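Multiple structures follow.
You will see two complexes here that share subunit A, one where it goes with subunit B and one where it goes with subunit C.
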Partner chain A sequence: MASPVLQEHDALPAHQTTSSRVWWRTRTFQGAMYAAPAALFVLLFFVLPLLLVGQMSASEWPLLQGGQGINLPDNYAGIADDRLFWPAVGFTLKYTVIVVVVLLVLSMAMALLVQGRRRGIGLLRTAYFLPVSLGLASASLLFWGFYSPQIGPIDPVLQWLGLTDEPIRWIGTPNMALFSSIVLVVWKFAGFFMLILMVGLQSIPNEVYEAAKVDGASKVQSFFRITLPLLRPSIALCLIISVTGSLLAFDQFFILTNGGPDNSTTTVVMMIYREAFRRFDLGSAAALSVVVLLVLLLINIAQFRYLRRGADD
Partner chain B sequence: MRLQQAIGRTSFWVFGGGLAIMFLIPLIWTAVASVSPHGATAQQEGYGFANYRTLTEYDAGLPTYLWNSAYVSILTVIFTLGLSLLGGYAFARFRFPGRDLLFLLIIAILMVPYATLLVPLWVLMGEIGLRNSLFGLALVLTLYQLPFSMFMMRISFEAVPREIEESALVDGCGTFGVLRRVLVFAVWPGMITVGLFAFLHAWNDFIAPLFMINDSSRYPLSLAIATLRQQTMGAVDFGATQAGVVIMALPCLILFVLLQRHYVRGFMSGALKG
Partner chain C sequence: MRRSTRTRATTAVTAAVLALVVSACGGDDGGDDTDTTGGDSSDGADEASLAEGVDDGSTITMWTRAATEAQSQRLVDAYNASHENQVELTVIPTDDYLPRVGTAAGAGELPDVLSLDVVFVPQFTTAGAYLDITDRIDALPFADDLAQSHIEVGTQDGAKYVVPHTMDLSVLFYNKDLYTQAGLDPEAPPTTMEEFAEHARAIDALGGDVSGTFFGGNCGGCYVFTWWPSIWASGAEVMNEDGTESFLAEPEAQAVYDIWKGLVDDDIVAAGTQDEAGPTWTGVFPEGNIGVMPMPSTTLGLMPDTFETGVAPIPGVGGGESTFVGGDAVGISSNSEIPDAAWNFIAWTLGDEAQVEVLAQNRDVVARTDLASNQYSDQDPRLVTINEVAGVGRTPYSMRFGETFNDPQGPWLPLVRNYVFGDGTTLDQDNEAVDASLQS
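Right after this comes the complex of A and B.
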């Protein structure tokens, strides 16, 4: 780490200390002091809560009364018994698979579209990226109005075109609610993934494509044989971010569909909120949190392993 | 050949432009809807700002919510910048016991779901009297900014040539003097990126205030607008909600336009990390 030049400095402030050894110790001490606020913060607000959530998950812990002692394994056993749990898991997985596929395909197409140097292409990039700067909660509230029969613009337009004569229930049925949420999320995040993929695309040297062209490769061939493999790190990053984000989906469903209709769009994280603040059972919320944490860790480890193995080929 | 090019260019702009319009429609719609006349809103006839007036008078009032959001966001920026400036300096320029472990621990925050930590943080903050407090909320929001900002500040410091600080050290500056008089100016762009992301995250976050704040006069804007919509039983005010969306979105869009370069740098560093 230390450059040779800096090592010369070890002996420099001789007026402070007599030996360079002690100087190193003070430099070590100073480094530790600069890191101390962050260390303290992480200990207090990250490590301690992690330990606490473990303890809470094993305890009876009503919201207002606080910890009432260990009741292992009641909280964990209760999760599987909850009639909403498995449907929530199923819905979260279904949503994740659809969103990840749609997002990656669309943002890849967008990245390919805007990667070049054309005049005015910056306008397109900006338009695609603009929704990213909004918050997810704002975007959800926006679409909540956008889909509403009261002020939403879609139904009037469709009716004016003569395509429908009654309002479409955008969030009225389970399938429509899922579809509408996916539209919202894709609108909000496609520009983000487009940007990551665009950076990846631009880092592929042009010579590679030219060489392929000389060898008689078609555009489709060079996309599948060159672009996709070389883009692997960027795709991996997009995959990990989108999978994690979708598995932990909350804002969009809490605001747009409120988990409905008939709890059909309740996600796992919404279950945690419901256990804690609707059913006042922090112990069970903590158990659910621990399960979510472990599952997410496993999925991420699996993704890293799979992606790394692929990279070695 | 030329005809083919022309067709290619035209289809590019038709397709790309069409997609751009689809991305812009919701944004334009919310701005228009917040001022246009609708039966279900305060704006009954003609265009005007009646929806915004509804919002000013709703519950604790728009100024309170704006202040709450601004206060939390600014505190989060200060905390995040303070921790990551000192920490980034330490990680980039010093060796001390536990250095790698601490960095790993900070990055590990990314692996832990938000909700997993909010449940114990709710209890913990209660113990130290910071539940239902905007100060406590800012601490929680800072936690989730830490991985990105520490990473960003570390690479910012590492990118500064050591010669710059060496001359200052020779001149008898302490390490803190070097940081304050020299390095801060060298890592300035990184600090803007970190501050920008901390601000946007704090301004927009919904789930942390939902868990931590239960007093409606302390709601930040996102939570206030979402509850405005839920609580008004029977008469849901669609117009006021869209006015709220516009007010929440405006600072984000303005910051995006002003600081586009710093914005993109943040995403790039993430992309390169992968």
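Right after this comes the complex of A and C.
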């Protein structure tokens, strides 16, 4: 069956079809037309805002008054001097490492649990996936209610059961605030990563496992020698999404802990919000955004290279 | 050759798009300028029409934050029912309010009437978000009776930009039933901070679920609202006049912190105090287990009938009384194209009918000292107490107020928490961070 391009090409006037030069031009033009909507979308919603952010980051730009002229390199130079910056970077990295490891391990366990076809497995899959359908802000508000010493139901239940004597300070100390936030994020996203890994698991042909079984491989050997290597693309996808999402963490901390106690759960993106909407300084917020963008870019490049090299090996 | 032509064409298109974007941005600026200069069109009008504005059937847009929605909505409903002008009120969640208003101010898209938490007003007046309404305010027959603290904060280089809209004062709430049970006189609330601590300890000694007091221990705005009046009542200041230097490490401030710290150390405060970040801090007292605590006056109407609630001014160390005059101030935005109609609404909200029949009737604080005692407050002496203390209260001024004191990541919260829940050794260092923020 001929492609639409060729059909159109066939219909062109004779003097055009005989000229390869015109043929190339036509095809290029058609290609450009096909790509134009996407290119326009990217231009309007990514490239232009990015250019604007770049301009803002190089300017004095109060939120209330608009651009006041270039002030390079003030906005960038001030980042490292901010008393919140390095603690926020440290916390964001710490949170990312913990969340990514916990999420991937738990999601893998859940995926292995629900990959087969057994009675009631659909119910289990639905239960695991249900939190994904809730917005992160709503989930954060829900957990804030659970943890609240004033209105939360967890403490009264624990005390009624005799498990605790006093209310637990779920978000009252730095470690507990981190722990409580991780519980929320894992509850919210584990089902999503489970789904990705489950699809990956189901795409591995059964014949491979059967061949390994014939060769005498144990279940553990099959998991490490077959499942994990063949699941590499799915794991890579989960890794990239979870690392990027965790480095950009905002909603859960903004609502659940407000960056506290004592700034212990302030993330880098919360700093951007503070600069823009509490300090009304879009210039420094944009500079911080550019730095975060570049760091994310580098981390993603490194991840892709590492994962691709692993795949080639 | 063809490639270079194509490159040039691409460059030209990109440049054209960028030029369009830049000119579009520039267009907004121009619009702002026009709106601002053309805003106050009432020059030469006689004083009466200047004071009243115009009621010509205009549609007036207004924004307010959810925290003061009830009062704003009541005023708007009453105005719409009796005027040709109609106010369209948009209520924005309190936490989103500043980002929304700030973004709209930058884009020149503010509503006609802009209500704002009074502590943030200086930033917006300086940025030109409000119209100068000095002549309009001065033309009001009751201009001298308006609560001056809001107007003073909204005055820039002698020009007045806002008037009080909804008043929220910090006052002591005390549970008279618990006072009686503890052997205290329920008609004799504390008049010094020392007495306050004494009463809280006596009530805490009742035991069980009862606690002496409570406060928002992880909420910068709550500390400011409820503790600063004690510093003022003690005869001290919290900042210099320009709001650029902190006095929050001075001995008078420390004396206030010390009293609260003593209550924390002796576990006189209710569970959850240290972690209370603000959203539920006013919900604890109505449960009936707290003896005495400073609270917003706007919560008086929410008190249950299950116990008797007393109200008193917040005292200082050794005596005196004061309050934080908070709430929202309101003005005409510089983007308004109908400033006379907008002023008609604002002026009406300050008149006798709105102040007494809308605000006072609903136990809200009136914005005029001459109406402090009215037919509704006479039925409830607590309202008179609240209305009268407004006269000795303060509204602090600083261009960096929000980011320094309200913001959870601001330097004020660590200062006070380190002192009250820690050992207090970092007070001077923490105060330097407050100074740095005020001067940034």
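Side notes on the structure shown:
FYI, the second predicted complex is superposed on the first by the 272 of 313 C-alpha atoms of A that agree within 3 Å, B and C clash if a C-alpha of one lies under 4 Å from a C-alpha of the other, contacts with A are read in each partner's own complex, and residues count from 1 in each chain.
FYI, a residue touches a chain if its C-beta (ideal position, glycine included) is under 8 Å from a C-beta of that chain, and two chains touch if they have at least 3 such contacts.
The shown structure was predicted, so the numbers you read here are calculated from the model rather than taken from an experiment.
In the superposed model, A:Leu130 lies in contact with subunit B only, and not with subunit C. Shared-chain residue A:Leu84: touches subunit C; no touch with subunit B. Look at A:Val186: by the touch rule set out above, it reaches neither subunit B nor subunit C. Contacts of A:Pro62 after superposition on the shared chain: subunit C is touched, whereas subunit B is not. Of the two partner chains placed by the overlay, subunit B and subunit C both lie in contact with A:Leu48.
In the superposition on chain A, A:Gln150 contacts both subunit B and subunit C.
When the shared chain is aligned, subunit B comes close enough to touch A:Ala39, but subunit C does not. More residues of subunit A are in touch with B than with the other of subunit B and subunit C.
Of the two partner chains placed by superposition, A:Ala217 touches none, neither subunit B nor subunit C.
Common to the subunit B and subunit C contact sets on subunit A are residues 48, 52, 66, 148, 150-151, 258, 276-277, 282. Residue ranges on subunit C touching subunit A, taken from their complex, read 17-18, 21, 25, 28-29, 98-99, 102-103, 105-106, 123-124, 127-129, 218, 271-272, 274-277, 280, 283-284, 402-403, 407-411, 413-414, 417, 433, 440. Across the complex, subunit A meets subunit C through its residues 43, 48, 51-52, 62-66, 83-84, 148-151, 166-167, 169, 171-172, 258-263, 266, 270-271, 274, 276-280, 282. Residues 12, 15-17, 19-21, 23-24, 26-27, 29-30, 33, 38-41, 82-84, 86-87, 89-91, 93-99, 102, 105-106, 109, 111-117, 119-124, 139-140, 142-143, 146, 150, 162-163, 166, 169-170, 175, 200, 203-207, 210-211, 222, 225-226, 229-230, 236, 238-239, 241-242, 244-245, 248-249, 252-253, 255-256, 263-264, 267-268, 270-274 of subunit B are the ones touching subunit A in the complex. The touching residues of subunit A, counted against subunit B in their complex, run 1-3, 5-6, 9, 12, 27-32, 34-35, 37-39, 41-42, 45-50, 52-53, 56, 66, 110, 113-114, 118, 123-124, 127-128, 130-131, 133-138, 141-146, 148, 150-151, 153, 187, 190-192, 195-196, 199-200, 233-234, 236-237, 240, 248, 250-251, 254-255, 258, 269, 272-273, 276-277, 282, 285-286, 289-290, 292-293, 296-297, 300.
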